[in-house]
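Chain naming follows the written order as A, B, C, D, E and F, and within any one chain the residues start at number 1.
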Amino acid sequence: MQPNHSLLDTLLELQILDRVPRSGWMLRGVPEPESVAEHNWHVVFLVWILGREVEGLDVLRAIELAMIHDLAEVRLGDLPRTASRYLPRGVKHEAEGAALLELLASRAGLARELYEEYRRGETPEARFVTACDKLQLMIKATVYESWGSGALAEFWENPANFPDDELAPVREVFEALRERRGAWGG
Amino acid sequence: MQPNHSLLDTLLELQILDRVPRSGWMLRGVPEPESVAEHNWHVVFLVWILGREVEGLDVLRAIELAMIHDLAEVRLGDLPRTASRYLPRGVKHEAEGAALLELLASRAGLARELYEEYRRGETPEARFVTACDKLQLMIKATVYESWGSGALAEFWENPANFPDDELAPVREVFEALRERRGAWGG
Amino acid sequence: MQPNHSLLDTLLELQILDRVPRSGWMLRGVPEPESVAEHNWHVVFLVWILGREVEGLDVLRAIELAMIHDLAEVRLGDLPRTASRYLPRGVKHEAEGAALLELLASRAGLARELYEEYRRGETPEARFVTACDKLQLMIKATVYESWGSGALAEFWENPANFPDDELAPVREVFEALRERRGAWGG
Amino acid sequence: MQPNHSLLDTLLELQILDRVPRSGWMLRGVPEPESVAEHNWHVVFLVWILGREVEGLDVLRAIELAMIHDLAEVRLGDLPRTASRYLPRGVKHEAEGAALLELLASRAGLARELYEEYRRGETPEARFVTACDKLQLMIKATVYESWGSGALAEFWENPANFPDDELAPVREVFEALRERRGAWGG
Amino acid sequence: MQPNHSLLDTLLELQILDRVPRSGWMLRGVPEPESVAEHNWHVVFLVWILGREVEGLDVLRAIELAMIHDLAEVRLGDLPRTASRYLPRGVKHEAEGAALLELLASRAGLARELYEEYRRGETPEARFVTACDKLQLMIKATVYESWGSGALAEFWENPANFPDDELAPVREVFEALRERRGAWGG
Amino acid sequence: MQPNHSLLDTLLELQILDRVPRSGWMLRGVPEPESVAEHNWHVVFLVWILGREVEGLDVLRAIELAMIHDLAEVRLGDLPRTASRYLPRGVKHEAEGAALLELLASRAGLARELYEEYRRGETPEARFVTACDKLQLMIKATVYESWGSGALAEFWENPANFPDDELAPVREVFEALRERRGAWGG
């Protein structure tokens, strides 16, 4: 956290993401819930495997956005959804941005550029990552339900939708997921 | 989280504090770290057992302050110490206050009164709870070190001190703790 | 466990209550079940928040009884309900009393007085703590069921009832809980 | 727990031994400590592999004694060593015997015979099982220490010794263990 | 793993079986799943308690086969059922045999003899162990289902059957289990 | 596992990687060890952040190789290092390749191409991923040691080295890591 945080400092600190549980699962009693590192992995994978289908999408750029989209959690924790009721969105995003810059101090320019693109959500790549982030949530909820977790139906009350054209492959997997959940009795 | 959050809603929600790990331990790799509920228990116990020794201290009042001092974590998570670098203290306290009021909606008047007294830290009872909160941290760090955790020495670099007169019993236990840790090779 | 167990010894030893799982949950396969420290916290909270509603109840006294009601578990373990079939009740209570006195050796007079009042169950405060102890059990069972645990219905076969006048607030929450469980399909 | 506990009831109930942690490790902060089922496995293995070396030892009988030596824990919990200070030995053994008989109701005669032989400790087989039970404790303590647990040195202050002739193979492994621990810096 | 692996080396290494989760449960989201050591314990117990009923069965021999039937997992891991699709059965068995021989280097003759008998499956004892191994799987699946695990019904689609005469006691428990599961709503 | 494994099937199955612990940590008693999903995340991150420094490296290609390098573990488990003693390298790689193809059935061509490039190790991208895989292992070992794990020194006995020119950024971080570990007393 020193100003001269080296790349090694960053890498050592990022290992801790394994110990930051995704709060949404934890607070609903899911046993041994997904860590932020695991979430990140699944999002990056989705961005890659689905992004390849989207004509004109810069897949490497989208992967880079996914790579940094939740790193700040290592310093801020994974704020539960309820926290957004009490922490104004602007405040939260500013904190995330500042934490990310210091965490990746040795790559500050890159970090700033990526974070701002992701937050603004104006490029197809940024929107694609946001969509994959939501899709991963719904996939995990479905898996946890099938394993026996009982308090996750609320995620399906107002599920994400994926209107934009470039999100077609995300939408398609999401529709298949909804159908699968139905077939599993959800 | 509805406006008409009943006392039962509150009680059901508070069970979740068992699943909110104290982030300081979690981020330093302590296995199966203390939950916020466990922390709360140890603080309330300290406030009671030590507070009884302090002439003139309103022990019930101090216990009440301890009882609510970390409840908001169930909606905000246990923000790691590093988060305070990015979330201005005022913002954090305001969020905690607002979350606590909604969480204890059926006892809103009581919640507000207690939270404000605790945050202002002007009464002997409020200062006593803050001191016990710190003492509990140091006791736990010492126990975890003795069990084999390796990354906790930093807690002793700038340990709390307990200058006020009414904190004499806290100070005394703390000094015994420091000595014990020395004897254990810490 | 030495005769001259100091207050610091007591405090260090009590941290271990975090690692004593409540056996009723553990033996029914609840994942990451509540510890005795967590149970204690929820009971003390109930005693406080509900006790405030009862005219004439000495809330501080009731809290003190709650504070010590399960401390001996750190030396005896949390004996499962089935154990009472094989360990005569008198034997168990005597062991708990003796363990508590040695655990709180530096406050032996206080410990003896509180334990005896709690065990005799003749004061309104002692009965109130016993009722909150049972209520906490039913609240937790309901939460665990909603999270997906499947072997907890038996708790509702002969649930506690709370006949005494001074237990009105406990009874009220319990009735709301039973109704909530019904609404959740239990 | 019904009087007509069938063999299937017994087998279903015994699966729960996986969830009964050995209290000695749990209370010393060992993460994810051995269950009673795991302990039982290691003891049975020792009895078999070492017992084969002892001329005249009835290995099958010794295995049978090992098989039932800790089953009652599924109903009594694994009482911590400290409990023996408060529960007279006779009381504990009587409770274990009674619990075992009801647990193995469909094989009550066998259960009684084996338990009594084990408790009396008068046959070479009974003494051999007791010795292997202790040896397993020391092996596990050594492994946990090597993995990083810090609070286990006390086990070596008054370690078991194994004087009897028929315990030669136990003694031999124990001496090799002590030496190994020394070589590991313990 | 040295050529001169002593018995103590073996015993220290076998403690690790506590940390090898049975992959079938782990991959189906069962929380805190059974370890290989726990599985071994339950199989040995079944072999003993049921084997005693079978006229002419060499119970000690059957126990010995059970004792070693899954030891190699400590070096190979518990290969998931899906792995058998990609690792030819012969390769897997050869690896297990080789690992077992080196693990039990100080008892290599015994290890080879037992492993070969178990793998060939030609003696009543070997078949009995294989049957108990399957029965234990079904018992555990039933317990986990009753505790709330949701993804285990597939085990009942093509359950084991136990045709041989000497497997009568295994078959009987299995039929009782199937009935019990039905009564539990499975 | 059906021949017509859809992309949704793949994605649901990959969530299970969260439950596959890295066997090297698990078998050395590291509590709550890294999952394969977490490992994958850290490797992909390293490949990206370090690969950007290497002139001429196709970073997207390297990321793609990293993305699939350990997916087969979801069907094969994470084979411990000791397993390679008993499973010929060719057999293991063939099994991994076959499992990967079926797992990613809907993208079989891509999967085959990537896997073969990774295994052959002839392109700079393939070698870079292999180097980052090893670096991640050493970073994690260092973090776990600092948290208190005691059985990891052996990783430093024959640590990886990174001779190739294009591995300069990997080598640099590795040297800084070795120095840091020394400063931490390792």
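What we mean here is this: a contact is a pair of C-beta atoms (placed from the backbone, for glycine too) under 8 Å apart; a residue touches a chain by one contact, two chains touch by 3 or more.
Predicted model only: the values in this text are computed from it and were never measured.
The chains in contact with chain C as well as with chain F are A, B, D, E. Chain centres here are C-alpha means, and the one lying farthest from chain C is F. In terms of C-beta pairs in contact, E-F outnumbers the other of B-F and E-F.
Overlaying chain B onto chain C using CA atoms gives a rotation of 180 degrees, to the nearest 5.
We define each chain's centre as the mean of its Cα atoms; on that basis chain B and chain E are separated by 48 Å.
Distance between chain A and chain E, defined via averaged C-alpha coordinates, is recorded as 40 Å.
For chain D, the set of residues that touch two or more other chains comprises 16, 19, 29, 31-32, 143, 148, 150. Pairs of chains meeting the touch criterion are A-B, A-C, A-E, A-F, B-C, B-D, B-F, C-D, C-E, D-E, D-F, E-F.
Residue ranges on chain D touching chain F, taken from their complex, read 31-32, 143-148, 150. Across the complex, chain D is touched by residues 6-8, 11-12, 14-19, 32, 34-35, 37-38, 40-42, 44-46, 48-49, 59-60, 63-64, 67, 107, 139-140, 142-143, 173, 176-177, 180 of chain E. On the side of chain E, the complex with chain A involves touching residues 28-32, 148-151.
Contacts from chain C toward chain D in the complex involve residues 1, 16, 19-21, 23, 26-27, 29, 74-80, 82-83, 85-87, 91, 94-96, 98-99, 102.
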